[in-house]
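Input: one structure, supplied below.
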Amino acid sequence: MGTASLGELAVRFGCTLQGDPDTRVAHVATLERADPQALSFLANPRYRRYLAQTKAGAVVLDAASAAGCPVPALIAKDPYAVYARIAAVLYPTPPVIPGRHATAVVDPSAVIDPTAAIGPFAVIGARARIGARCTIGPACVLLDDVTIGADTRLVANITLCNSVVFGERCLVHPGVVIGADGFGLAPSDGEWLKVPQVGGVRIGNDVEIGASTTIDRGAIEDTVLEDGVKLDNQIQIGHNVRIGAHTAIAGCSGISGSTTIGARCMLGGMVGVAGHLTICDDVVVTGRSFVNNSIRKPGYYSGGIPADETTRFRKNAARFHRLDELARQVRRLTGGTPGSDDDADDDNKDA
Amino acid sequence: MGTASLGELAVRFGCTLQGDPDTRVAHVATLERADPQALSFLANPRYRRYLAQTKAGAVVLDAASAAGCPVPALIAKDPYAVYARIAAVLYPTPPVIPGRHATAVVDPSAVIDPTAAIGPFAVIGARARIGARCTIGPACVLLDDVTIGADTRLVANITLCNSVVFGERCLVHPGVVIGADGFGLAPSDGEWLKVPQVGGVRIGNDVEIGASTTIDRGAIEDTVLEDGVKLDNQIQIGHNVRIGAHTAIAGCSGISGSTTIGARCMLGGMVGVAGHLTICDDVVVTGRSFVNNSIRKPGYYSGGIPADETTRFRKNAARFHRLDELARQVRRLTGGTPGSDDDADDDNKDA
Amino acid sequence: MGTASLGELAVRFGCTLQGDPDTRVAHVATLERADPQALSFLANPRYRRYLAQTKAGAVVLDAASAAGCPVPALIAKDPYAVYARIAAVLYPTPPVIPGRHATAVVDPSAVIDPTAAIGPFAVIGARARIGARCTIGPACVLLDDVTIGADTRLVANITLCNSVVFGERCLVHPGVVIGADGFGLAPSDGEWLKVPQVGGVRIGNDVEIGASTTIDRGAIEDTVLEDGVKLDNQIQIGHNVRIGAHTAIAGCSGISGSTTIGARCMLGGMVGVAGHLTICDDVVVTGRSFVNNSIRKPGYYSGGIPADETTRFRKNAARFHRLDELARQVRRLTGGTPGSDDDADDDNKDA
């Protein structure tokens, strides 16, 4: 852990300093729990009520909040981003200590940069290429023909199947499985024939993949995550999916096979996207939505019906199951023609 | 496996015995498949139809069902709890056999109680503290500064990241990942900055965590599971979440970051809870609900719309997408004023 | 990788050949990207637009599409199944190389067929039985009393708990956990008692299980997957579930405890099925459905409400929360009797 003076931080990150430039901060804390050695921040208005009482050494906040800050302040246009940068100074990523743990099993044909670190019980298959300053953590299994770009870190207990390719500066959390076969099945006489999954997985630079997320290999061509994609935990990415640069997806979401998601999209938690769709750039899908049509226009999309008290919810859900009938009744009351009632069937058009 | 006489069991667990106290039972079985050495139970009325024909050695049931029981009965107010206690007698947890497998990699600074068992290919990092009679099963990876209280059992293939703290008597199933980074990202010029995740994870006593569940470390403060929390499989717990004592959550649920759930709550399967919410004590959320408002009153909450035949469902879903229009039509028919129509927008109030 | 002439393939798989029988194909490709050594196929009408320009060496397609094919064609009634069979010829599964990696930890009481392959850091518990030509990949953990039928392949990093039984020719992807305890809890004085989970898991022949799927052991009897079941990634199968032969379930679905699903069913992605239900044979449940009633009639069932633009969706969702009231208003307008309004409560009948 480092420490830093407010003066240094203000200069380095372009903040206006309100307070003593020699004050030093050594760690981060919430407004509510901060002590005088702590740096805190205010970005979410939910937490504004804690500002007046904070004991922090300094708070990163925007100009509008600065007047209400009882302690030194680093004033920035985007306090959360500045907080993230300062926290990275106070909590630097430990340097990679090069070397191969004695227990690691490495195929003789693997090419491992001497500055990389290979942990205990790692398995590295044939023809692997591991770049400079990579970390292959404990119990990671890399099957054959895997390529890992420089400065990428596999934390622990990660499985990369054959021919997975990673770019540089990626971070992969435990439990992740990349390159397992997609769910390719052809029906044949009441049984299922396996369709060989012969594509690979290509992952760009600066990608982060959360714990226990799974990314299937392509059926024929590759499954692709472009640069800067951020995936949370327990996400499932089907075969042949392509995710555009700097798109972020929250936990428990699932993207079905052959769907393409554009750049700079944001998907909330537990979003499900059906297969063979296209979502354009700059789309936000809020949590729990079910996307089963392509989205061709940037904007906000939603789909999760919020919970309610059980008795009330069940009454409404029962009515939902007769909604078409209800609409037809209303149509009759308003004198509409029965012929126009078939608008109940247009649910499958693209949004 | 043990055996026990009905007489012993009745005394030990406070049941009224109907039948011969010397009858012995040696294993458990369902009412339908039980043989005369089997103990069975009746708790769910769904299975009452199997009682009259059962061949069980004895059945645990409540007083109301006792008259219909053709074999010896252990009559209890809460038959399922008594069944659970008796099953634990018949199937005792095997004792922990102390020792460290020759293949385990243990940092010299780790302090491991001599009564603990460390399995093959376990990795135990710096400054770990492993309590009495713990089991660290095969292929578990504990990164640095992990603490495990007495009698806690990590079955196999579990990853605990830095600084995870477990209480006593916990049970953790394979595939679990605890302490991976939360999904903390700050937008900056169309890209994402990683927000360092510097909090930890603290888990109380008597907590059970199901297979492949993931629990993220806190962003600043800790993610906390209080005593007696029970999590099923494939659950995602976001950073800074706090779950109150004796709350149980069924499989595939996800709790977004910074949400607090009270004590003695029950969440069904595939429940999604949005971030930064508060759910009070004694709340039951039925399966498949989407909670996106805080819940401040104990009670039952629901949200999953049940499936229907596809043709019918699609017609109703299409109508749903025009429900606001339908309601406005009805309003006009009833002579309501258009001004009051903005009640369609109050969906975001707390429940 | 193999190569094959169109003549051989037409004879072997019963296709009508349109073109030169001596043309050879060496790999597979999509219509859009194929080169003259590639075999491609047309099964999904979405991709028909790429046929006219394809550079493939040959295309597998049906008779109706053959006229529009600019290159040699293998005409088949079911092009996708024929494609799957040919791809398996071009990309044969590598033969199993018998042997036990020096690092594997195998209990002396385990019986392992000499033709099986045991990878690095595999752990094989007491009394295991591993059949002919099995692969137990790197870092797989098999606790005690596991049985694996011939030709079954555990790719890597898979955990099988005690007493799991696999049939022949199964394929299991990384991250899978089978046989962890089911979520069996009995409430007792505001806390939870663990109900011992003493059943096993039995898996038939030709079953495929996707990455990070979890299958719990039975509470008393076994959890069962019959022959030919295909599970995608991140699926949760609760205790005592039984899944009939040749049923396929897409990713992120969850089946709650004690539910029975029939043969030849298809469940889409993110489907949730409540506990203690019965789904008959030949049922198709589309993606994102929530099944909370038994299904007793073969057919198509749906339940996911598609996403919409956020503003519009929220208005409709707000109306949903007052749908019962709306229906009562319409009832009054049509002159219906209030007594019949209690049809809002019949939501819990079996579908």
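Letters A, B and C mark the chains as written, and numbering starts fresh at 1 in each.
Note that in this section a contact is a pair of C-beta atoms (placed from the backbone, for glycine too) under 8 Å apart; a residue touches a chain by one contact, two chains touch by 3 or more.
None of these values were measured; they are calculated from a predicted model.
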Would you mind reporting the rotation angle for the C-alpha fit of chain B onto chain C, rounded to the nearest 5 degrees? 120
Since chain A and chain C are copies that touch, is their contact same (over half of the numbers shared) or different (under half)? different
Centre to centre, by mean C-alpha position, how many angstrom separate chain A and chain C? 25
Which parts of chain A, given as residue numbers and ranges, touch two or more other chains? 103, 121, 139, 157, 175, 212, 234, 252, 305-306, 308, 314, 317, 320-323, 326, 330, 333, 347
Under the stated contact criterion, what part of chain C meets chain A in this complex? 27-30, 33, 44, 46, 78, 80-81, 83-85, 87-88, 90-91, 101, 103, 119-121, 137-139, 155-157, 171, 173-175, 206, 208, 210-212, 228, 230, 232-234, 246, 248, 250-252, 264, 269-270, 287-288, 304-311, 313-314, 317, 320-324, 326-327, 330, 333-334, 343-348
So, in the complex, the side of chain C touching chain B is made of residues 103, 105, 121, 123, 139, 141, 143, 157, 159, 161, 175, 177, 180-181, 183-188, 190-196, 198, 212, 214, 216, 220-221, 234, 236, 238, 252, 254, 256, 272, 274, 276, 284-286, 289-293, 299-303, 305-306, 308, 312, 314-323, 326, 329-330, 333, 347, 351
